[in-house]
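For reference, the structures are reproduced in the following blocks.
Next, two complexes with chain A in common: one pairs it with chain B, the other with chain C.
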Partner chain A sequence: MHNASKHLLFILAPLVVVFALLPGVYQNHLLLFNFVIFLILAQGVNIIYGFTGYLPFGYVGFFGAGAYGFAIMVMHLHTPAPLAVLVGGVVAVALGLLLTPLLRLSGAYFAIANLAASLAVLHFVANPALEGITKGPYGVSLTGTFNPSHAYYAAVVVMALTVGAVVYLKNSPFGLALQAVREDAVSASMAGVNIVKMRVIAWLASALVAGLAGGIYAWYVSVFYPDNVFSGEFSIFAIVFALFGGVATITGPIVGVLILYGIYNLIGFTTPQYFQLIYGLLIMGLVLFLPAGLVSLATRRGWHVP
Partner chain B sequence: MSPEKTPILEVSKLVKRFGGFHALDGLSFHVVPGEILGLVGPNGSGKTTAINVISGLYAPDGGEVVFDGASAGGVASHKLVHRGINRTFQVPKPFLSLTVRENIQVALAYGGATRAPSIAELLEDFRLKEVADRPAADLNSAQQKMLDLTRALATRPRLLLLDELAAGLNPAELDWIAGRIKALAATGMAIIVVEHLMGFIEQITDRVIVLNAGREIFEGTLATAVREPQVIEVFLGGEHAH
Partner chain C sequence: MTYALVAGVLFGLYFSLVGIGLNLVFGVMRIVNLAHGDILMLGAFIALGVVGLAGIDPLFAVPLAFVVFVLVGVLLYWVLVPRLQGSANPEMLSIILFFGLSQVIEAVTTIFAGTSERSIQSRLLGTVFTTIKVKWFGGKAGGAGPIQIFGQGFPAPWVIAAITSLIAIALVYLYLYHTRLGTLTRAVMSRRDEALATGIDVDRVSAAAFGIGLGIAAVAGVFAPFMFGSVTPAFGADATVTSFAIVVLGSLGNPLGTALGGVVYGLCYMLVQTYLSSWADLLPYVLLIVILLLRPSGLLGRRVRVA
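After this line comes the complex of A and B, so read on.
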């Protein structure tokens, strides 16, 4: 069997089955939904950071753009929710296109510029002058689409597509070329790789999945403010989860979300008073002792981690 | 080789400036298919810059690069690779976290070669078989240079630019790589070799260009070059100055 088929069968399929069945046996559906959203976002970060090396500190910009793309379609055009989700994805891709000049920057400069861009989009959307279109700072309250259960399954579908995309990157010359660009852009061009094109494709793909996730999030919650869907916590969490598990792998970001978001909720429920402390220590420990993520525990021993 | 052949590369009056400094200052030369041309000159004379311009890393500030009858100055590197130019780097630049095999696979998949060589053959020919599945970061510098070379060859170049490939090799390895380079030229590949080891240059080149301060000061065989007062002056002066 090909590696890609193995990855689809033993990683993607179980993940989808588990999250499709869990709502039937576990009552906290919002928590499950958040897990799925973070699985999507962490894999989106994986695509752009793990495979091309750009750290998207303003990743939430795409998520928020997707949420507002959804909301505007529903409010003004009464678009059916699934179609509005797609529009959310398209809006995020359009924003990604607008931001492609950022890809000329590298390292911290890119991260900071991306953060600034996401704040700019937030302030644009929250501008009272745009009340007629976005409802400005007063927030969105959608009627007619509210259906958390459909939104949840839509999220599972997008998660499946996103993980599928990462399986493709992990098993294709295309994914290899992206990593080559990340490792050494000059050498990649001497391997015949069009580095600008590759970076833009990865950037837009990661924008698309965040936009779809944002649209689905808007569908699920139906009532939200700009600060909710443009909250920097989405970027930070998605990045930390992906890094914790280990990027440029399929399993790393999944493991990262399941463990870290799991612990996050566990501490939150049991000992909320120590919450920030424990969580902070955990992340510090990770950065200090496992900079390449949990999967590096295995790769250091020479095991291959998909 | 035979001077009646049409040049695959023709460089004329090439200028490359960094700030006000002329790294290349009107450089002209040509190479024909199957020829091994030596590019020698003291440190800082512009050898690497010439390679960088010809391989599309820098756009020239003046002059022309014509490859295979079409202009190649300022064309993006990956396009030049597809047209048949490739190179190695003075300081090797492999994809460090990818395995040796994956390094070559990228070039095979994206290099645009119609009859690409096989990975097994490249690994075997350049002594990388044992380390094929190790990350490139694990290789020593000489092996990394060989990996640069196999990545270049995977794209089936018709013009190959070697920037100090032999530096750091022991005498036995030098003989071996000299044989490899000659074998490549025998297939019709034009090769430009930048090297400081004169014995090595002597062994493999048909002709040399001596560069000084971004200009050609001599063109001919190495044996004649070393008797030119101007060349001797530049090399002795160069050695004292650096």
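After this line comes the complex of A and C, so read on.
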């Protein structure tokens, strides 16, 4: 069997089936929804960081832009929710296009500039001067479209698309070209790879999935503030989950989300600072002792990890 | 207008002090110290401790904070950095590593100090000067009032912070250009591998730079309660981004560049706050992006990709 169809059959299909069926047996739907959202975001980070090496420290900017794209469509134009989610994705892609010049920066400068960009978007959206459009810092309330179960299945669909995109990257000449650019841009360009086009496509693809996720998130929670949907935690969690599992693989980010977000919910939120302490130590340990993620434990032994 | 300009320069000098440690650490080690703002926050807590426990002028916290954090910095360097430099992509991983460190610092501070906002009465700062003045020249004791510059009154802590910043920047300049260790530091800054090849003990030089960077950040933190009104354990993250904006505005590896960046930033900040206050929050971020995009190579060296 073809590698790609194997990956689709043994990784994507079980994941989708499990998350489609779980709401029937498990009562905490919000938790399941958050799992799906983080799976999308971690794979989105995987697309841009794993395959091109750009660390999107302000990844939440796209997520928040998607959420506000959704909110503005629903508030001002009364569009049906699924359409508004698509608009959320388009808004995120537009933001991605606006930020493409950032791809000229490399290494830490890209990460910092991206972080600054997400904070700039947050302060822009939350600005009291734009209250007429975005409701400023006072938050939006979209009770008209509130339908958590539809939003949940929409999230599962987007997750399937995102994981499908990563399967494609892992098995196509396009993904191989991206990884070549990541390793050595000059050599890749001499081998005939159009570097700029490759990077921009990967960048916009990861913006799109984050925007769709943001739109669905807005649909699901229906009441939120700028600080909620632009919370730096989304970027950080998505990056840490993806890194913990191992980037530039299909399974790494999935394993990372299931394990780390599982632990997160087991510890509970009662004393957030202890959780923050454990998380900080975990991140430091990860970087110092396992910089290539959990999958490197297997690849070091010569096992192939998809 | 005069008020905004003078306040901008005063704040700007202070902002240079905030950014200079970050500049030093990044210039020497190519490490993005995302915990920079949290060191500032800890410096502020040292000032709070000095006032709360000993009840003396918070200026005494300046040497204390500096010495403590130089030692902490050297220790941290040996624990974290050599291992990080051995990995595949140290610059990227340093971002994540120091983010983890900043989380740990924030969490530990929250556990011990709670999340409430802390501030110090601004008249406590500089009481040591007024006491001396009273001893030598007579007059009445008490806190320092506003200081007159160009006919406008400015809070005394702003002026004291600005003067301290000037002294600190001058000292960093002397260190880099007129001491042996400083010359070695500049060598490591310009070419790490060649410095290693000529027999410079790069680790020792870097450890010193890391310690000094953290020490200066802590000194800047001592003044944070006066400049920003109050501090919370969560104050660090914003301070980090602001410091980056300042460092990027000035030039990398040159303390005078950071001083200029800080003053430009301070002036912009005060002018925007005076005339367009609701957009003032946006300023550091937009400024950072614009500068990075317009002058990446000029201001920062090797930032543009070859391909």
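The rule is simple: the second predicted complex is superposed on the first by the 300 of 306 C-alpha atoms of A that agree within 3 Å, B and C clash if a C-alpha of one lies under 4 Å from a C-alpha of the other, contacts with A are read in each partner's own complex, and residues count from 1 in each chain.
As a working rule, a contact is a pair of C-beta atoms (placed from the backbone, for glycine too) under 8 Å apart; a residue touches a chain by one contact, two chains touch by 3 or more.
Please read all numbers here as calculations on a predicted model, not as lab measurements.
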* Structure fact -> Of the two partners chain B and chain C, more of chain A gets touched by chain C
* Touched partner set for A:124, first chain B, second chain C, both or neither -> second
* For A:183, is the partner it touches chain B (first), chain C (second), both, or none of the two (neither)? -> first
* To do: May I ask you to decide whether A:195 touches chain B, chain C, both, or neither, giving the answer as first, second, both or neither?
  => both
* Where does A:205 make contact in the superposed view: on chain B (first), on chain C (second), on both, or on neither? -> neither
* Should A:267 be classified as contacting the first partner (chain B), the second (chain C), both, or neither? -> neither
* To do: Would you check which partner chain A:48 touches, where first means chain B only, second means chain C only, and both and neither mean what they say?
  => neither
* If you stack the two complexes on chain A, which partner ends up touching A:156: first (chain B), second (chain C), both, or neither? -> neither
* Structure fact -> Dual-contact residues of chain A, meaning touching chain B and chain C, are 186, 188-189, 195
* Residues of chain A defined as touching chain C within the complex -> 53, 55, 57, 101-102, 104-109, 111-113, 115-117, 119-120, 123-124, 127-129, 185-186, 188-189, 195, 232, 236, 239-240, 243, 273-277, 279-284, 286-288, 291-292
* Asked: Given the complex with chain A, which residues does chain C contribute to the contact?
  -> 26, 30, 32, 80, 83-84, 87-89, 91-97, 99-108, 110-111, 237, 241, 244-245, 248, 278-279, 281-282, 284-286, 288-289, 292-293, 296, 300, 303-307
* To do: Note which residues of chain B are touching chain A in the complex, please.
  => 55-57, 76-78, 81-82, 86-87, 89, 93-98, 102-103, 105-107, 109-112, 148, 151-152, 154-155
* Partner chain B, residues of chain A touching it in the complex -> 173, 176-177, 179-180, 183-184, 186-195
